[in-house]
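Here come two complexes built around chain A, the first alongside chain B, the second alongside chain C.
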Partner chain A sequence: MDIYLLEAVINGILLGGVLALLALGLNLIFGVVDVIWIAYADIVMCAMYAIYFLYTGLSVPLPLAFLIAIIGAASLGVLVHLLIIAPVLNSAPLNQLLATGGLLFFLQSFATLLFGTDFRNIGVRLPVLEFATIYVSFARLIAFAVGLIGAIALYGFLKWTYLGIAIRALAQDRDIVGLMGVDPRRIYLVVSAIGGGLAGLAACLLALQYDVHPFIGNTFGPVIFMICVLGGLGNMIGGFVASFIISQIIAIGGYYSSTELSYVLAFTFFIVLMFIRPRGLFAR
Partner chain B sequence: MSTTRLAWAAGLAILIVLPFITPTYFLHLLIQILIWAFIYTAWSLMGRFGFVSFGHGAFMGIGAYVPALLWSYWNVTPWLGIPLGVVLSGLLAIIIGYPCFRRRVIGHYFALVTLALSQVVLLSLIAAREITGGSLGFTQRAVGYSWYALQFPEKSYFYAIAVLLWLFGLAVWRRIDRGIGREALEAISEDEEAAASVGIDVLREKMRVTVISAALTALGGAVYGQYVMYLNPETVSGIAVSLQIVFAAIAGGVYSLFGPSVGALLTLSLTEGLRVWFGANFVGAANTIYGILLVLCIIFMPQGIVGTLQRPKGSSARRDIAWNWRKG
Partner chain C sequence: MLAVEGLCKRFGGFLAVNEVSFDLRAGEILGLIGPNGSGKSTTFNLIAGNLRPSAGSIRFDGREIGGLAAHAICHLGIGRTFQIPRPFRKLSLLENVTVAAYHGAGGKISRAEAQHRAETALEMVGLPVSSSVQTNGMGAAALKKLELARALATKPRLLLADESLGGLDREEMEHAAEVLDDIRNRLGITIIWVEHIMGVLMRIVDRVIVLDHGEKIFEGKPAQAAVDPRVTEVYLGKART
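Our next item is the complex of A and B:
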């Protein structure tokens, strides 16, 4: 096997870790609140800016900056739910989608207004590791590991804690769950906070690898939707597996052609697969 | 003469007089509003029946780029290029629409499949940067005044074209609204199985309206491309354009003839007004306010502006887009 191809495959796996984290957050919100947050990737953008300014502007130590960004993103998630999602909770699905679409316009333009369109980098250079002539970026390795740990932690939380069981119950039947003493409004807030927090966590991992700019959400936002749908909307394990399929297509496609064409390939793959399995790869 | 006819005559008279009395800048704005109004109307042909497409950016991109590239590189007249772009868009609509409708890809899933289609066309245009200039865009080969190349430095020509285009869009909308197909499509958007059980050819009705909608959108894109001359993938295709189309059509209201046009008038004058007001000092300020207004509009006027105004007083009946949606 070609050594560079192998490198592409490994990088694809590592990229999948971060995508999986984002897909988990979006899937959790969709599964429970039943609303697609079109602006989800832009919450990641906000958190990346927070990290950038805390670290380079205020010289806050990086781990603390990460922590603040995660908490900030979680609060932003709650805020989005209270201000935008809650009022349209009983509206047509299209209106819900468009409300978060308006949020996308707002966040991107507001970031442009505040910070301009410059590309900014926190300037942390992590070493590149070499395993038998294969080069692997340490930042990506961390991102992969954290993504994996985050996914497992979320799974455990949903499986074994009281709150997690309540969340899953709500996702299964939102009418009955109130009779069991669970307040759906409270669960919505918790889920939005977790979703926001996952976006914040992903922002920490992405800030180590990429420059932040107001439109960074557009580069990976559509990919995350695609992953969620491919795995079956609301199906977390499906989304997790789909992250790695899509990241492999992007990585290997990028190796053989250009980055754009690898994304074209991924999107086309997605469309064709939707025709074959209209409810996602792992629909029951 | 009925009042409706009178209103139509008065409206047309105003449209005919306008180019002679308005400054060039406003004429430019008006042309853009008319072209976009046509595209929003084309989208609403599908959108009003709950087939919510986020893929119209793709059709518009193809409609704009095919004639522009053919003319600039191979000297093919837009008189051939534009029909070709329209036909290609129609074909794409068939290729995507047929399996979608066959396999019952509806609701969120349909929205996201078409969203992916938008991205495919956007990224393909960027990837073909040798001829399209990639993200930098490209300017069509200009030859001055020419019917052969469909290029007119005088704005009044494009104003006339835009008015005709817009009227054509309204006529198609009206035809579908008055036709028997409308009842069938409304039945489909409520419940596909029930519609099929009373003998409606679900697939055929859906395909028809989808192909018409896509072809008209491509036509709008082509005229837009001929008018502005400068094409950029981000301004004629991709998710941003698709979202813009859906937003404006919904904001105006998709259930009335002039709804999408009102949407175009309001959103475009609003963005332009905000842009002029803020000038170049606060890049992003205009869109920030625009974003807030969009969210408020969706929350407080879910029927769109025209829909809200037309709702009979005291009636609380809601008419949300059915979204061709059935809960699992």
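Our next item is the complex of A and C:
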């Protein structure tokens, strides 16, 4: 195999880690609350700004800045649920989309107003590692590892804790969990906090590789949605696998042509698959 | 223990439950019967907090519970089963019951205790205690038992059992009826039992209430119900005794 192609494949796997983290968060919220957070990637943007200003502006140590960003994003998730989702929880899906879509424009405009459209970088340069003439970005390696650990931790939480089991139960039949003593409103808050926290975690990883600007969410948002739909909305494992499929298409496509064209390829693949498997890759 | 007074539920212009009142003594098994659409399940939904009453009051141990959220009512000690079993299909049998045990206790018990309560409930209804059993592929009789086990795991003092016998064969019916009797006798749980198959129910309940079109038309001993003219009229041609 061509050494550069191998490099592209490896970088694709590493990109998949961050995408998987975001897809998990979006899928969790959709699967449980049954509302699609159009503005999900913009929570990432907010958290990235938080990291930027904490680290470069206030000279907060990077790990602490990361921690604050994660907690802040989790709190933002709870706020979004309480202020925007809860009032429209039983409304028509279109109204819910409009509400979270409105949040997207609000956050992007608000960030533009506050911070301008400058591209800002936290200026941390992690080394590029070389393994037998293959170059791998250290930042991406960390992103992959954290993405994988995050996914496994979430899986374990949902699988083995009683709160996790209640979350899965509610995702299946929200009308009857109350009879088992589960308060659905509390579960929604927990899930929104976890979803927000995952967005915050992704923001930490992305801040190491990308500049932050008010529209950074648009770079990832559509891809994450595509991944979630491809894996079957609400299907966590499907979304996880789809993250790596899409990231491979982007990475290998980018190797043979250009990054822009690779996104075209990814979306074309997605559209074709939607005709073949409209309910997602792993629908039974 | 339970005092229902003037309970009404309106769906648009349709009065599903109309001025229903009854009392329930601790340790009693009360049969709630009536033809399809007579308001039995709606009454259950009102007591368990799945629906909000349009009017009237429901007092449990002297406390008004009408309109409370379902989980709050569960924590107060009322459990219910569904006529059509609603298992969480993607959870294992044991998970289905432990989630009820743990959250039914308001999350205030240890994992071991939740596990223990779930196992006790499964044994009580005669289901296997094994973490590998899935709910997929379980038959109608087993799913009805699961409904019961899930309700029992929340440690209720009052159990609302909705048509536990529908879709079962003769032998399964007898067994299910014995389990309900056992739950009352051994665990001391008060039961309201909704059923439209009258036969088995009549042998076990202490008292029976008959609903028709949302109204209470009879309350008394099972033996009297069988000879009451209004009851026989409602059940004429429908009774499968």
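Everything that follows uses one rule, which is that the second predicted complex is superposed on the first by the 284 of 284 C-alpha atoms of A that agree within 3 Å, B and C clash if a C-alpha of one lies under 4 Å from a C-alpha of the other, contacts with A are read in each partner's own complex, and residues count from 1 in each chain.
The working rule: contacts are C-beta pairs under 8 Å (C-beta built on N, C-alpha and C of every residue); 3 or more make two chains touch, one makes a residue touch a chain.
Treat the numbers as computed from the prediction; the structure is a model and nothing was measured.
Participant: First (chain B), second (chain C), both or neither: which does A:267 touch?
Facilitator: The answer is first: A:267 touches chain B but not chain C.
Participant: Given the touch rule stated above, what does A:156 touch, chain B (first), chain C (second), both, or neither?
Facilitator: Neither partner.
Participant: Between chain B (first) and chain C (second), which, if any, makes contact with A:181: first, second, both or neither?
Facilitator: After superposing on A, A:181 lies in contact with chain C but is clear of chain B.
Participant: Between chain B and chain C, point out the one touching more chain A residues.
Facilitator: With both complexes superposed on chain A, more residues of chain A are touched by B.
Participant: Which residues of chain A touch chain B in the complex?
Facilitator: 36, 38, 84, 87-88, 91-95, 97-99, 101-114, 116-117, 214, 218, 222, 225-226, 229, 233, 258, 260-261, 263-264, 267-268, 270-271, 274-276, 278-279
Participant: Give every residue of chain B touching chain A within the complex, in rising order.
Facilitator: 52, 96, 99-100, 102-105, 107-109, 111-113, 115-117, 119-120, 123-124, 126-127, 239-240, 243, 246-247, 250, 282-288, 290-295, 297-299, 302, 320-323, 325
Participant: Applying the document's contact rule, which stretches of chain A touch chain C when the two form their complex?
Facilitator: 162-163, 165-166, 168-169, 172-173, 175-184
Participant: Using the touch rule from the top, collect the residues of chain C that touch chain A in their complex.
Facilitator: Residue positions touching the partner: 48-50, 69-75, 79-80, 82, 86, 88-91, 95-96, 98-100, 102-107, 111, 114, 150-151, 154.
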